[in-house]
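Reading through the structure tokens given below for one structure.
So that you can tell them apart, the chains are marked A, B and C in the order they are listed, and the count of residues begins at 1 in each.
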Amino acid sequence: MITLASDFGTPYPAAMKGVILRRCDARLVDIAHDFPRQDVRTAAFWLSHVLVEFPPAVHLVVVDPGVGTDRAALAVRAGEHVLIGPDNGVLVPPARALAASTEVYEIDAGDPRSSTFHGRDVFAPAAAEIHETGVEGLSKLDWLTPTTAHTELTFPEPDITDDGGVGEVLVVDGFGNVVTNLPGDLLGGVDRITVNCTEVPVVESYAHVESGGAVTTVGSHGNVELAVNRGRGDEVFGLAVGDAVELGR
Amino acid sequence: MITLASDFGTPYPAAMKGVILRRCDARLVDIAHDFPRQDVRTAAFWLSHVLVEFPPAVHLVVVDPGVGTDRAALAVRAGEHVLIGPDNGVLVPPARALAASTEVYEIDAGDPRSSTFHGRDVFAPAAAEIHETGVEGLSKLDWLTPTTAHTELTFPEPDITDDGGVGEVLVVDGFGNVVTNLPGDLLGGVDRITVNCTEVPVVESYAHVESGGAVTTVGSHGNVELAVNRGRGDEVFGLAVGDAVELGR
Amino acid sequence: MITLASDFGTPYPAAMKGVILRRCDARLVDIAHDFPRQDVRTAAFWLSHVLVEFPPAVHLVVVDPGVGTDRAALAVRAGEHVLIGPDNGVLVPPARALAASTEVYEIDAGDPRSSTFHGRDVFAPAAAEIHETGVEGLSKLDWLTPTTAHTELTFPEPDITDDGGVGEVLVVDGFGNVVTNLPGDLLGGVDRITVNCTEVPVVESYAHVESGGAVTTVGSHGNVELAVNRGRGDEVFGLAVGDAVELGR
């Protein structure tokens, strides 16, 4: 199984699929191809929550604003999974979510056919060959070199206090739900909480308040989420990615 | 085969696919994940027209504004098909389109991992297990209980008169074509008809008039459709979902 | 393997998939379903660059503004590939990219179920049957008739001069990168070039200039591309499909 994720829209992902399917018969599963363009952090967040649901697979990740520069191409082993993509941090959070320890290899890309589409010309062929070789064979591929140098990416840690915490918005999903870096257990045992000084009900899910009502809840990723029943939390709370969120009990 | 339909956008459907693929090897086919958010009726309309094209399959349908409340989770047998999703009516029209009679089961969801993403935590695991069990084994799954109580959903019936009819707009497709609940045979035998008092040609297909010309035709679902050749019918006719449409011969 | 491409958005492509999967067990791969609506030339451009990446396959292409008129339905053999779609030129550039010579057949569509959705009612069944028959069996299918008459589609040729060339914009991709019909070798051996009289650096890839900087580069299709690092080339260059582009060395 090979999963594919990118900020490509269409039809570039199909070119990657063609390249793979000329080389192997893997099942292909799309994760998303509409990640915000060149937004490495948002892609990393979603991938760290979605890829853990999968059985062992090769995960092709191409959010690659540095394509064609000297940024390295990586293959990262995380347990029985292998992630393949550019060395810009996008592989780090999902790899850590998949396994406690990881092995990082630099891909010798040779002289790629293009300087602007390494998804097609470097990463897709690597994914197909690694799929065929299997995770145990990684160390035998002569175009992979173990490396310890790679770009880090971590999400900001919240400040937890006795009566709440201060964090920030990590992503906003397609419903407008605002996902923060504040741990869901901050909402335990209370019916209401203040969000940036406004009191909001704490509920199990969106429809526990009337339509249009603002809520805080524990999202499916385990973090505090700010939402509006049948509406957009980002608009009602006036929050965007990177904004501060202060919870007070 | 398991089909997947939702209002999730990305990347939530991929999480459901991971959950399924850890449990079974089913072929997965996306129906749509961009149904208007929380719009149960529109999803039900499209599913009632699309799922009938498929061979026997498990159909996972997650348009679920009531997620995390006490709304039931259902599995509905319709002939050799099984539909899985929330009890809000979304499964009813496609189930009726697939089979003359249906069997409805309530899913015992246990204590799901989240209250906000039952697509991943309730419906996807149920779909995988039902796929493995097969439609004949439904009655033996101890987490399914036959039920007769479930939420209804029917589309409004048009008023048919001797010289036309009054109906309403059910959906507008991505081309801007306006799909009504008026039966296509209202257009039989005439070259022109009035739509809300404006005369419009009756044609076999869009390109039978000049570019930009408004037409009525029988859409692929068999209903009267209002369209504009190479343009948007919804804009030219000034119609949106729920608006009244009066046809006069 | 059957690939699917259209301007349908959702959920119409799923109806085509259901029709195919009732008839055969082919692997299905989506190319794109968000081609600009009724824009035959743009679809043809992308398909001519993407389909060549695939192993032998049946390619279902439905960008079909003339559906339901007397435009023919075609199956085109190109090497080990077969393209299926309307006779409006959309199949011509990808067929030529796939093979030096092609065989064109007209499909006898009989009396299709609808006049507005031949993707479901004509092309998808034809794709499934041709997939099962195989490319060598095309000439034996009694609903295919060899033909030499079909609609042409060629892209405009640029004017190449001693010190540059004049071409036009063929497509703009989702990143805003402007793809021209000017051959990439026009950029060889120079560091800067004028684009419509403004000097711009010639680079190997986008990130070789600062964020927001305009560049010219050789795109993944081999043509001259006008882009902006982490920005939109179409907006900064003020160019849209069909606009003239003059390069001067």
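Keep this in mind: contacts are C-beta pairs under 8 Å (C-beta built on N, C-alpha and C of every residue); 3 or more make two chains touch, one makes a residue touch a chain.
Keep in mind the model is a prediction, meaning the values are calculated, not measured.
When chain A is fitted to chain C on its Cα atoms, the angle of the rotation, on a 0 to 180 scale and to the nearest 5, is 120 degrees.
Of all residue numbers seen at the chain A-chain B contact, under half occur in both copies; the interface is built from largely non-matching residues.
With centres defined as mean CA coordinates, chain B is found 31 Å away from chain A. Residue positions of chain B touching 2 or more other chains: none.
On the side of chain B, the complex with chain C involves touching residues 1, 3, 5, 27, 29-34, 46-47, 49-55, 173-175, 204-208, 217-220, 225, 229-230.
Partner chain A is touched in their complex by these residues of chain B: 8-12, 14-19, 21-22, 28, 37-38, 65-69, 113-117, 120-121.
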